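Pasting the structures in now, so scroll down.
Here come two complexes built around subunit A, the first alongside subunit B, the second alongside subunit C.
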Partner chain A sequence: MAVQPTLFMEQTVLGLMMGGIYAAVGVGLTMIFGVMKLSNFAHGEFYMIGAFLTYTLVTALGGDPYLLAPVSAIAVGLVGIALNKIVFLSLYKELREAKGAAAFFFQDLRFIMLTIGLSILFVDLALVLWGPIPIAIPSAFTSYVVKLPGGLSFSLARIMAFIVAMVSLVVLYTFLMTTKTGKAIRATSQNPSAAALVGINTYKIYDITMFISTSLAALSGGILGPIYNIYPTMGLDVVAKAFVVVITGGMGNIVGSMLAGFLIGLAEGWGGLIFGTEYRQVVAFLIMILVLWFRPQGILGGRRR
Partner chain B sequence: MNWILCELGVAMPVSRNLAIGLVIIIAVVGIATAFLLTMKPAGGETVKIGLIAPLTGSLAEHGLDMKQAAILAVDEINSKGGILGRKIELVIEDTACKADLATAAVQKLITQDKVYAVVGEYCSTVTLAVQPTLMENKRLLLVPVSVATKITEQGYKYTARSCANQWMQTTQHADFIVSHLKPKTAAMLGINDDYGREGLKIWGDRVKEKGVRIVAEEYFDAGTTDFTPQLSKIKAANPDVIFVVANIRDAANILKQAHEIGLYKQFSMLGGVTSEEFLQLAGDDAIGLVHVSYFEPTSKRPAAQEFVQKFVQRWNRMPAMYSAGVWDAFMTLKYAVEKAGTWDVDKVADAIRTIRFEGAQGTIYYDEKGQAQTKVLLVQVQKVDGKLKRVILYPESDKEGEYIPPERLWGS
Partner chain C sequence: MLGITRDLALRSAKYYALAFTLLLPLPLAGDYITHLAIMIMLYSITAASLDILVGYTGRLSLGHAAFYAIGAYTSTLLSMNLGISPWVGILVGGVLASIFGLILGIPSLKLRGPYLAISTLGFGVIVQLMLINLDWLTRGPIGIPGIPPLPGGPLDLRSKSSFYYVALVLTLATVYVLHMISRSRVGKILMSIREDEEAALSVGVNVPLFKVLAFIISTFFAGFSGGLYAHYIRYISPAMSALSESIGILSMTIIGGFGTLVGPLMGAAVLTILQEVLRPYLEYRYLIYGALIVLVMKFFPSGIYGLVQFLVRKVRA
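And now, the complex of A and B:
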């Protein structure tokens, strides 16, 4: 079937919108990896909890999910800090003593198992708290459909989700590039021992990183809730895609993850048209494999920020 | 262990290993004997029935429908004195719709719980996976909701299914669509597994026989949330009818996203969407949808009304189609054992093929292969008095309203 121009346009726009969300979820994951050297397999669950918390706020307070998603994102971010202090910190300290400040390498099997365990715990917790039945978050924006010439139409909710994701990415980028704390985060990511030597409190940086990462994931969950419905295992579906974004963009590279998010989103849209939609999931992973083949450090890897 | 041996004074260096070995053997034999003595089935006591269902994982909402109906059915049977004077004890096992977990659960049900029969499961692949084990161990398998045609086609004596199978549902659905909606072209969208592939194959073949042209055939993987690539391809193909095989979560997303990209066509779906939760999830996007159902809580038949009333009273929610399937599976067991007059599994399996009773889904009787011959309903989601309702269109005996074409609902 020849690809029609309208179909192509529709997929391009939808792919970019999806890419924005992939970027937001992926950036959170890459920050944890870049700064804390930790693969967080529970990242998808923060996305899920963000969605459910937004739903709970919407039903309890009224109002629109696009106003309340940031509130739930901050709440989840605080949970992230608490988790970092309670669960992760003792392991960091143990590892630092064991390997010395110079070999600041956190990629430990215990961390991997710990985050997988947390992921299972969160899913079951959500199952108990909110039940297994999928829920749709009511929003006034879902029923508004923006019609464009050429038969294209998109719901206002999707556009809102894209805008919120974009704004948060721009804010994060500006924060990392211009503020003192942002620079400290980048310094810690480049060389934690040197950062500690010049007086940066790296444990505090970990708290901040954890906050940014988990709240970005939660925000994405909250703003996608009105478009898709939400259920306890939704995080598992997204975390694999987030890891593809992280690896494709260059592990720990924030700008790389943003680009990779859009790349994967677009490739899925176009790949679906060319190869058939049942191979859409394959396309994302194929891109990752190709990138690893020709550029194992990722598209922007090696230029750590 | 060492200190015990020292106390007993047998811890001589040479015979130490021997002594440890002997103690272990005695302990194991002792525990096993005690275990066997307690496990010995005693007549007149409870009969254990296993329920396997996806209580966790992405299909947990359907598992809940099944679990609640099973508890209700067992309470109902027990409150009336059980079956042949023996009370039923329900043993519920989670499968998460995974064949390996289900196989382990069924092994446990057979060897440890010594169940008489197993009711389950939701996922056809899981039912097919556990079926041989149950058959070899001469345990009844009462299939309440798995629809893969193969389950009963294999001709196992101890298997009986209390709902319409995939072939029955899909062909009756296709016939209705062709004769009532008269489409010239159709598109198909299905989940990329046995259920979706078989559904699209049966439906596609059936409508092609009647002169309908298939203009698009799309699949999506389990766990997909974004269906717009498939939907925009379907939109470009411009079909009269879109046939979808999906679970409720996906189905709601599909309708929502179709309308988002301006695809206002007649959607028609298989039975996966028959529940109140689906209507809540899909909201107004569900209006106009035609789908097949084997149980409707609004049905005026007395047996169905009795079931609905009891279910709502106990669980404070409307029963879904899956609940009705489980209820009828337990009732099948009850009537068959009573008719056989014995718990002998061969005689009960024979009796299943001869019983006829009024179940939640209507009059239920089984063919030689243990497949229930039930009537399938076709319904359309319409807005009645400002509320979404599934209006029964077919068959005539249950009919509640007329089909409304999408042009009249959405404008051209």
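And now, the complex of A and C:
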């Protein structure tokens, strides 16, 4: 099949831009898994709530989503902390006391079902609050079109979304690598009991991780709102993609997730060109299946299954 | 060993006979109640089949509705395009679903927890996309209407009350078979795999074989119930294989109490009735549904069956 060079370039750039968002959502998910051993199936709903909250702020206050998305991200992050304290805390404590494979399986299952329940609850909450009809977040940036060499043109909103995603990933990486709290998060991820022994308050680390993870997801939702429509079930599509990113990158591996995000975005763009856009979703899952077959620890390695 | 099995079979047969007798006059309550009861029974088969995988083997599946849809589409297409009897079709649907179960089961042998959950979720998404996009075969998103009913000889299985008795017999038969499997050596081995795979391996259990077997058994009955559904509702669409449908089935298994087989039946009944009761409050329906899952998982992880056992023990003491 002959592919036009312009179309190919366009899909490459679009794929990389989408990949930036996948990376941002995936990194949050992989952090929760790495630090708290929690598979959070409600992760996509934080992305969705971030988008709707940004929409509400934009319509109520005026101003641009790219200024207000960080505000809603912080609000959603606080909701994440509250959830962590109210819902998950007692389960972590039970998990620490659990012994044997069956007990772990059981706790794993409980976490997964619990977060699925939360996801259903949040989707319906959004349905009640904002209605089922897809809406777009108004932004001045959407109407500016930037022309790139090679006959490519993209709306400024898309470029802004990519830049915000990139900046937040770089900030997060620097935070984890250089600050004391960042190091404590990595230590807890590697060995929670050892981290607790050297005086790290692991439950506080869980709160911080939850805050970073949920606010990153919410930020991604907010900055994508001016480009794509937002609707209550938008998180369900993204959470599946985010898990693909996390598994491809290696569960709990932050850099792996960042890379995998771009890989999946790019593969979807190219896959759409080759197989038709209706099979885009299949491409992502096929990559994940291949990774699970040939390199189950993920492209950069991660926690063992 | 055989003696114990026979003893158990006799004892549980008594309960099944009792349940069967109690449920016989239900169609007298009218078409609406009969329809609800049929839906509960169809969901019971699916939820109980998932329990073999989740409750007995410890393998979480988030794509079980895909097998249900495979069974439904197989039987529908066979009967509508080739004129094959739906009775044969629902069995072929079950077999085809279990072939897909085998295909999914082999790579997932090594996977656990979230890994397996995501691959089964991915499988569900792929099946749904196929059903939507292979429109020359499946008529795409509009689905297939006008599916022939199950032939019932002298009985007209278009009528809800006749179909009810067929569904009752098939549901009890399925649950009985699943019950016998779970009580047999196979069931014990599956449970030993759930409890401790390494230990099971060390005493010479062929762990991969039994894990794949669990997939085959579980997906066969899911496909079978999908076929029954298709010939009862007489309309199917790709929405059957949606993630929300898989989660619905999983919720029944888990809220009912997994690893018990009876629990999923209770879960199917409670959630189906709850959906009906909450229908007037349509927009808040899933809010309550979601909250219920969260509450059960947080405070009563052994589910409704566990709660019932707890209450029975309280009353007896």
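Worth a mention:
One rule holds for everything that comes next: the second predicted complex is superposed on the first by the 289 of 305 C-alpha atoms of A that agree within 3 Å, B and C clash if a C-alpha of one lies under 4 Å from a C-alpha of the other, contacts with A are read in each partner's own complex, and residues count from 1 in each chain.
What we mean here is this: contacts are C-beta pairs under 8 Å (C-beta built on N, C-alpha and C of every residue); 3 or more make two chains touch, one makes a residue touch a chain.
The model shown is predicted, which means the values in this text are computed figures rather than measured ones.
When the shared chain is aligned, subunit B comes close enough to touch A:K147, but subunit C does not. When both complexes are overlaid on chain A, the residue A:E278 reaches subunit B and subunit C alike.
Once chain A of one complex is fitted onto chain A of the other, the partner contacts of A:S155 are limited to subunit B, with no touch recorded for subunit C. When the two complexes are overlaid on their common chain A, residue A:R96 makes contact with neither subunit B nor subunit C. In the superposed model, A:R186 lies in contact with neither subunit B nor subunit C. In the superposition on chain A, contact of A:G117 is made with subunit C only, not with subunit B. By the touch criterion stated above, A:G269 is placed in contact with subunit B alone, subunit C being left untouched. Of the two partner chains, subunit B and subunit C are each touched by A:L127. In the overlay built on the shared chain, the residue A:Q11 is in contact with subunit B alone; subunit C does not reach it. With the contact threshold set out at the top, residues 124, 127, 236, 278, 281 of subunit A are in contact with subunit B in one structure and with subunit C in the other. Across the complex, subunit B meets subunit A through its residues 55-58, 60-61, 63-64, 192, 218-221, 223-226, 228-230, 232-233, 235-236, 248-249, 252-253, 256-257, 259-262, 277, 280-284. Across the interface of their complex, subunit C is touched by residues 33, 39, 87, 90-91, 100-102, 105-106, 108-110, 112-114, 116-125, 127-128, 236, 240, 243-244, 247, 251, 278-279, 281-282, 285, 288-289, 292-293, 296, 305 of subunit A.
Subunit C makes touch with subunit A in their complex at residues 54, 58, 60, 107, 110-115, 117-119, 121-123, 125-126, 129, 132-133, 194-198, 243-244, 247, 250-251, 254, 258, 283-287, 289-294, 297-298, 301. Here subunit A touches subunit B in the complex through residues 1, 4, 6-7, 10-11, 14, 18, 124, 127, 131-136, 142-143, 145, 147, 151-155, 158, 224, 227-229, 231-234, 236-237, 268-269, 272-273, 276-278, 280-281, going by the rule given at the top.
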